[in-house]
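Each of the next two complexes has subunit A plus one more chain, namely subunit B in the first and subunit C in the second.
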Partner chain A sequence: MLRAELIKLRRSAIWPIALALPLLAVTTGTINYANNADMLAGGWAAFNSQVVMFYGLLFFSLGIGLLAATSWRAEHRGTNWNLLLTTSRRPVTLVLAKVAATAVSVAFMQAVLVVGTLVSGAFVLRLDGGVPWQLVLVGAISIVAALPLVVVQSLLSMLLKSFAAPVAVCLAGCVLGVASVTSVGLRPLSYVLPQAINTRALNLGSTALTGSGSLTPDDVLPILLTALGLAAACVALGVAAIRWVRLR
Partner chain B sequence: MSAVITTQGLTRAFRNHTAVDSLDLRVPQGVVYGFLGPNGSGKSTTMKMLLGLTRPTSGGITLFGRPLTPASRIDLLRSIGSMIEAPPGYGHLTGLENMRIVQHMLDLADAQIDKALATVRLTAHRDKLVRNYSLGMKQRLGVAMALARDPALLVLDEPTNGLDPAGIEEIRTLLVELASEGITVMVSSHLLDEIDRMADVLGILSGGKLIFQGTRDELFEHSTPDLVIETPDPGAALALGITATPVSEGLRISGITKERTAEVVRRLAVAGVPIHEVRRVRQSLEDVFMDLTGRGGLL
Partner chain C sequence: MTRAVVLELRKMRRLRTGPIVVLLVLAVAALSSASQFSGGTRETFDDPTAAPWAALLLTYTMMAAMTSPILTAVLASRQTDIEHAGAGWTLAATAGYTPGVLCRAKVVALSLVLLPAVALQSLLVIGAGAVAGIRAPLDAGPWIGYTTLLFLLDVAFLALHVWLAATVENQLVSVGIGMLGAFLAAFTLLIPSAVSRLIPWGYYAVIAHAAQDGDVVTYQTPPYAWIAGFLILVGAVYAFVTRRLDRIER
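This part shows the complex of A and B:
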């Protein structure tokens, strides 16, 4: 089933999205760092903070919303839903295959971000020091942290024929996410809101966001475990939705 | 002949109307079953219920002798190829890539994909993007997707929709060939001519109700064609009190039995009205269909 989903990614419109958003983050981060080099001490860490600041707050989560909506758009066209539902596969397999395929494109997006950051830091900004392994680790952690949002957006895009509606919901979540990671009062929300989990994961070890945590098991494990738990719960919800909504 | 599909009082009601009303279908094994009815008569809804895509409001479905339930559905679908409403397909992929999707979804062998493409004569176009396919090629790809699993039952909803006469003939020949190989084909259409030339058994739906089910011959037996009496003096015939419509050749009488025909002819002969010919009008399936729907069916 996953192989079928991976075939659907060929020549898909998801690739320009997965390429453009991280490149935009790297570009704005590079310009920001270059223009404020005097104030931003710390080389790679400071540069990375500039790259992931807006990416972690908005671009990454919004990108996931767009990727999921684009991926499901092909199923809403014509009668592809009938094809999916007459495959003799169980609904859980359908949901998991779609989530996994979307996660592949999210992983690609993260790879572009990490490679783009390294290339820009090394060759454009000519930063000192060795290649920071933390960048790669945060990139990998954020893929796992993104799973709840991948599942939620997949679920929304599966249920709603509209392309824009699930993306708008994702954007609203981003706004709430910003509020939750920046306000003490709303801080508890940042542990369960998928967009906020993304922001926290991407800012691990960052100097841009106060209280963003460091790359230690104490800070990383809660994020990963919450992400996996939430993702599993959302998959269960997705399976129930297929059974009761699509097959009514 | 054993039945592949049977339904018992199959009903699907929506808030404002009943789309399918107490359907008792019986689709025998190895035939082309023509499921006929005007647009909106409930054909697609019925087919969706047969595939478990829509749940019936009441009634039951038995496929291959097993009741269709949420638990049995997935197992039953392994033997059923289908195309509902329009052919599926991903336009940004080639025909072969679309078939590979079906292959991976169903764990099929390469040979099954090659065979399905060859059956619908798409092998030469398999590397072309589906968005560049003609409507006929898209329909054939849809049929190939349905055929790939080597189904025992093929459920096709309006497979000739939008095709030119050559495309219609091609699909028709294909379905007859498949039935000759033992595959049961249930095919719907709102165009009577299409069904007339390929179906062994007909089910006619009107307003959600099954108004006829049986062979073509049985259908024609139920219908009484108009009688034409060729006479140069229709006025004299009408003066005898015979209820008939004057036409250019003489008179036309609707719904008249064999016994009444003999009586009318006798009266005309006794009255000395010249009779050149007495014959039944040759009916098309369309005439029979209109006759049936006008009378509310035979079931």
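This part shows the complex of A and C:
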């Protein structure tokens, strides 16, 4: 089943978006850093903070919403859903295959972001200091941290049948996420809201967001464990939904 | 045309366009005014030179630029995607509504929904500012001007996304471009206005009625001629491309 998903993924139109979004983040970050070089404390940390500023708050999560919606779109066309229900595989296989296929494209997006940041920092801005390999680590962490949102968006796209509606729900979640990571009162929410987990993971070691935590086991482990736990819980919810919700 | 618009409004009920718009309007208003309740901002409220209303308008501009392109893309995509399922284009054409008429009716109908929504959004932001305790008198002009231009710009992007959703069946294209546009719109607030004018989504920054000048935020007059030119251009192009839609074979 995973192989079928990967074939669908390979031939889908998501690649331009998955490529353009992180490249746009790197480009805008580079321009912004170059324009304000005198105001920002120089170096890789400041540059990376500029790159993930908008990307981490909103667009990484929205991108995930789009990728998940794309992977489910084919199943809601024609009679594909009925065909899917006749499969002899267990529902959990389908849910996991969709999540895995979406996660592959999310990993691609993050790889583009990290490579783009490193290339731009080293060759365009010619930043001092060695190449910061922490960026690669943050990229890897953010893929795991994205899992809850991948599962939630996949679930929404499965249930709502519409392409754009889950993206709107994701945007509302992002807004809540921004509020939860920037305000003190809503801070607890930022530990469980998938969009906020993304923001926090991408801003590990960043200088733009206060209280974003650093790249230490104390800050990283809770994010990873909550992400995995939440993702597992949502997968269970997805399996239950396939069993009990009557679609069409 | 009127009947086509009424039909589109009927389609919205099952598309739950109303709840989606209300949800996002509330979210944007909440995000724009969240900073008003923090301690640092509150100290500026009684100080007329700090211009708390202009600062609030600038935050609102930022949030609206980041979210409006996505909102318009989502609304337009949902309203148009339904025609791809079950040969809606053909059905409507046999009833006398050609694809071009249908697309224009969709933009008009969605604009009718968006007009009160954008007005409500601005009123909510102003209300939040008043509740938070801004005592300085409100200068209504820039707020009304900004809200009007924001609405007109949303209509322009509704047209773009309805056209995209109608021509390219894969809705990833329309919504994806909306998302990339939102990114550009947010970014253009940080670059000179001369460059923003050349990027369609940059107009979300060009219509800004408030600007940061060093440490102080002041009201400013946006370049109306450029904005009017952009809107007229979009209208003309949309009239042309929807006419072309009538003649393509599906």
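Observations
Just so we're on the same page, the second predicted complex is superposed on the first by the 244 of 248 C-alpha atoms of A that agree within 3 Å, B and C clash if a C-alpha of one lies under 4 Å from a C-alpha of the other, contacts with A are read in each partner's own complex, and residues count from 1 in each chain.
By definition in this document, a residue touches a chain if its C-beta (ideal position, glycine included) is under 8 Å from a C-beta of that chain, and two chains touch if they have at least 3 such contacts.
Because the structure is a prediction, the values reported are computed rather than measured.
Of the two partners, subunit B and subunit C, it is C that touches more residues of subunit A. In the superposition on chain A, contact is made by A:R10 with subunit B only, not with subunit C.
Of the two partner chains, subunit B is the only one that A:T86 touches; subunit C does not reach it.
Looking at the shared chain after the overlay, A:L225 reaches neither subunit B nor subunit C.
In the superposition on chain A, A:L237 contacts neither subunit B nor subunit C. Of the two partner chains placed by superposition, only subunit B is touched by A:M1; subunit C is not.
By the touch criterion defined above, A:F163 lies against subunit C but remains apart from subunit B after alignment on the C-alpha atoms of chain A. Shared-chain residue A:L171: touches subunit C; no touch with subunit B. In the superposition on chain A, subunit A positions 12-13, 77 are in contact with subunit B in one complex as well as with subunit C in the other. Only residues 15-16, 20, 23-24, 27-28, 30-31, 34, 38, 66-67, 70-71, 73-75, 77-78, 81, 85, 170-173, 175-176, 179-180, 182-184, 186-187, 190-191 of subunit C touch subunit A when the two sit together in their complex. By the touch criterion stated above, subunit A contacts subunit B in their complex at residues 1, 3-4, 7-8, 10-13, 74, 77-80, 82-90, 243, 247-248. Note for the complex: subunit A touches subunit C at residues 12-14, 16-17, 20-21, 24-25, 28, 31-32, 35, 54-55, 58-59, 62-63, 66, 69-70, 73, 77, 162-165, 167-168, 171-172, 175-176, 178-179, 182-183. Across the interface of their complex, subunit A is touched by residues 51-55, 70, 74-75, 77-78, 80, 82-93, 97, 100-106, 145 of subunit B.
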